[in-house]
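Both of the next two complexes hold subunit A, though its partner changes from subunit B to subunit C.
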Partner chain A sequence: MPVSTLEKLQPIFQDVLDNPNLRIDRSSSALTVPGWDSLAHINLVVAIEHEFKIKFALGELEDLKDVGEMVDLMERKMNSKR
Partner chain B sequence: MERDCFQILSQPFDVAQISAKRKQIRRSLLSRVVTTPLRVAILGGATTAELASILDLFLLREGFEAVFYESEYGRFYEEAVVDNQRLKEFNPDVTVVHTTSRNILHFPDTAEEKSSVEEKLELEVARFRSIWEALSTRIGCVVVQNNFDPPSYRILGNSDTVADYGRTNFINRLNLRFAEYAATRTGLFINDLSYLASVVGLKDWYEQSYWFSYKLAIGPTANVFVAESLANILRAAYGKTRKCLVLDLDNTLWGGVIGDDGVGNLCLGNETPRGEAYVAFQQYCRELKNRGILLAVCSKNDLQTAKEGFSHPDSILRLEDFAAFEANWEPKPQSLERIAKALNLGLDSLVFVDDNPAEREIVAAQLPMVAVPDIGDDPAGFVEILDRQGYFEALRLSIEDTERTELYAKDRQREAAAGQFKSYDEYLESLEMQAEIDSFNPFYIDRIAQLTNKTNQFNLTTRRYTAAQLRAMAGDNEHVTLYGRLKDKFGDNGVISVIAGEIKEFELHILLWLMSCRVLKRGMEVAMMDALAHECMRRQLKAIHGYYLKTARNDMVSNHYGDLGFSLVSRSEDASVWRLDLARGYEDRCKFIEVARFASINA
Partner chain C sequence: MLFNSFPFIFIFLPVVLLLYYSRIDRLSPKVFIIVVSLAFYVIAGIGALPLLLASIIFNWLLARGMRTQSDPVRRKRWLVAGLVGNVAFLGWFKYLGFIVWNIAAITGIQIAVPAIVWPLGISFFTLQQIMYLVDCYQELIPANGLVDQAAFVSFFAYITAGPITRSQRVVPQMQSPEIRNLNFDRMARAIVLFLIGLAKKCVLADNLALVGSNITPGKVLFLDTWFVVIAYAMQIYFDFSGYSDMAKAVALMFNLEIPSNFNTPYRALSVTEFWQRWHITLTRFITTYLYTPIVRSFRKVTLGISVAATIIAMFICGLWHGGAWTYIIWGTLHGVALAFNQVWKRYKLRAPDAVAWVFTFVFLNVGFAFFRAPDVPSALTTVGAMFGWGLNGGALLRFEMLPRDLALIFLSLGLACFGKNSDELTSEFTPSWRSAIAATALGLISLLYLNSTLSKVFIYRDF
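This part shows the complex of A and B:
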């Protein structure tokens, strides 16, 4: 089975938030994950955009309420590229 | 991560890695670098947190542990010129005015009168001058000022650079004015955003989504380049700029191996593309030398042979261009230490350039304070790869802040690296060498012939044979033949060693034993010896006779058979004869190379 988008995000979150034991799930958000501040947010976006070769359009990220919605958005972007 | 933290902060950058692993890189650097504190204020025309976080890493790489002050959003002007208690109390060593062309307030309007455009230009220059003067008089710190990046769009197209009121034209003139001012001031340095934007390319320089979403004036990629550039400027400002360029010779300053090919057959000169690229690289080195960078040679060669290279008619560099010249067969870290000592420089002043990744690896691991750029092996790229690293920033400085003696102290060298090799054996082990050693076979005959006919240094007899003669030897029972091919973790060196001998009365007489100098000091000759002894015993031979025939080039192997445990039978002026008795068996000595026969390594 291919690795899910959420699983591919785990090491990125662990690196940026500097916590090797961190596990995020679909309900995680900036409110629930310690250290997810504005600088970490930019670093996450940079890493995700480069790693998954996608670009978030303006406003797309602001509307998301949790990681689950971000994963869905990323998958829509990756699928539409194919 | 141990060694990677330096590599990850070297061009070409992996921006995603740097962004994601910032904290891990930081910890890794802190464990490897001895630091001095540096107080850095960033007065920004937009958000600066991202820049500070990356600049922090590049400064650590240079041995500065920075504490940052960041201005409030966009208030670079106000925080500099208005009496600013918070900044004063912070007492910066350095203030970076991180502005971009987004911060130009007085751009001309379309078709604006020339005189009115001039007024705007003066107004803009005066605004920034007041910042520099306030910082220098009130705070008394070093100031680094960005010049302006090209605009992201051109209303007038190409004429934007021609018309007085074109934005491109206006920015170019502002940059000239900044340069003129900085040239007369000590303690004011220009960070050349204009050039950096060209290097990065405007498409990646401006990432508008990061501007609109996070108010980053330039994109994440550009940020990394700006941070590196700032760190280079500060390293130079604090007298830590690199001072000496240490160069390998074969396939670095010229194409080919001088010891084997001879000076007349080197690839150097404008007749071939490669030869021309080596000339261009020599020209670049020469220009560095002319502006005061010392040049040195560090090559595995006989001294006399190495020096001959500079008598090549197309060699731009001459022997007298070099302040130090180490050509010998010692491991290169030792030679570099001798160069540093001879020139009375710290190892952290040296930059080492070598096309061979194995040499780069051992130097980087043993002497982490020496800069070892990954120059690749294509001479077309040498100049730019080296130049982009910014090792040789040229600055004059007289501001007393920067002359603090503790910053000049020589003992701040980087700590012994975690990844350092404790011995040469450990290095050999790390190479993960695998050899394929077997009798000559048709796949390799051409390469074996080529090697046989061009190898001069590690060559016991310097006998030449045609491919047909070699093929004939392989096919009869009166000869023993062996070739050796060596792989290591850096790649496949191909067939690099050849042995052939003829059998007389159950004893082997070696006709040919040679090896490429690329794999010298790897223990490959021992692996070949082991294989030879096994082959001889398999064929029930009782002894091996070795012959050394002296030439002008093969002094390095004069004691080859002695080193392998042969007894000296006789010696004359230009030859020696050796013998190894196999009657009592043979004990393998090869330690660091895993040896296989033909089929298995290709499986």
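This part shows the complex of A and C:
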């Protein structure tokens, strides 16, 4: 079974937010995850872009309210590349 | 024309709203908004109108030109031309004098510069159009038609001093002819928000501006210096958040939702948190359109890159406020503090909330000592006195500040830290006799103060 986008995100979040025990789900957001502030958000985005070979438009970044929205946008971008 | 003026409150706004909802003109909402916004702009000074129109047309043409290009290199050239054009436009009006002044200070070469008065809201509508061009370039939004572009840029609710609003936030809302249908519930909420903003400006900010006027000139007392600086911190908050409430309320009166700018900033326990709560729309611009492209240009975001990008972005933020070293130092200090926060977080250091609040609040006031000062030497004198340097008035605990002024400072500080903010108050609002009486009382008190000679222009109107 292929690894879901959410699972692939786990090590990126753990690395960027420097918390090896962190587990995120679709409802996780900057409000619920410690250390996820605006700067960490940008660092997450840059790490995701490098890992998944996708590019977010700058204007898309501030509209991502939680991990679910982030996963959906990533999958749309990956599907449009195929 | 100021939001906090009798002509605006009793003539311009009611007349424009009456026309908007009566629909006697049969104009689309966008065209109506352009007509009244340009009228508002002309009343503020007709000389700047051609410049505003030139900026709108320039960006409209550029975005259209950019979207017709399929070759990425050519598209990028259009974007770069647009960015350079906007920055040069802003630079000519806001920074020419500052650049010439610095050249003269360094080389002794005097260059005569004509006195330039910049167009109202130039800093704000230029940023909005930079965001628009970048979003178009990245194919996030389609290029606006000329009417869309003119309505988006000129809307009088935010043209004076923001909130900095993105095209995709307002243009889709303006498409619907139904926004010219009156919604009583929304109008009531908008009026309450406007009155809260008006009270913040007229009752608190304008009175805070007069704090310390009795203090003997040249006498530098420790406590008085702190009181004066804290009074300014309160003044600028109630001034700018009051203006932002009124701007949001005016947009809401036209059935348009625009973003909030403040979320109880003086409760912040770090400088990072402060910027998530203070001038939020500018923070978003800085993080998204300045900080992100800098860090993105590197393959891996290290702490060092993040720190450098933060300081550069905040240096530009300081400069954006105006061509003066006081603003640049203020912005750079904030950049260094944000960088310090990042390092602090990386090493998982913790401080008790009370200690974190005190450090943050002290830092913010040191920053404001620069922000409010006419020049760097005066700012250094103030900051020195805040830490016991250069005092000349006697005992450390002596002060001249009047009890009335002290009461106002502490009342403002209490409201800023413990009171509900405008968004909380308006989201809880339900129309009732009680809320109507409270809002009327708030309005009457504000108008009484507005009628006095104290009333001042908004601080951010000059940026």
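Just a few scattered comments:
The rule is simple: the second predicted complex is superposed on the first by the 82 of 82 C-alpha atoms of A that agree within 3 Å, B and C clash if a C-alpha of one lies under 4 Å from a C-alpha of the other, contacts with A are read in each partner's own complex, and residues count from 1 in each chain.
Operating definition for what follows: contacts are C-beta pairs under 8 Å (C-beta built on N, C-alpha and C of every residue); 3 or more make two chains touch, one makes a residue touch a chain.
None of these values were measured; they are calculated from a predicted model.
Applying the stated contact rule after C-alpha superposition, one finds that A:42 touches each of subunit B and subunit C. Contact with both subunit B and subunit C is seen for A:57 once the two complexes are overlaid on the shared chain. Look at A:15: by the touch rule set out above, it reaches subunit B but stays clear of subunit C. On subunit A, the patch touched by subunit B and the patch touched by subunit C overlap at residues 18, 38-39, 42-43, 46-47, 49-50, 57-58, 61-62. Contact residues on subunit A toward subunit B in their complex (touch as defined above): 12, 15-16, 18, 38-39, 42-43, 46-47, 49-51, 55-58, 61-62. Within the complex formed with subunit A, the residues of subunit B that make contact are 14-16, 19-24, 49-50, 53, 209-210, 212-214, 216, 220. The touching residues of subunit C, when paired with subunit A in their complex, are 131, 134-135, 138-141, 166, 168, 272-273, 275-276, 283-284, 287-289, 291-293, 295-296, 299-301, 306, 310, 338, 342, 345-346, 348. On subunit A, the positions that touch subunit C within their shared complex are 18, 35, 37-39, 41-43, 45-47, 49-50, 57-62.
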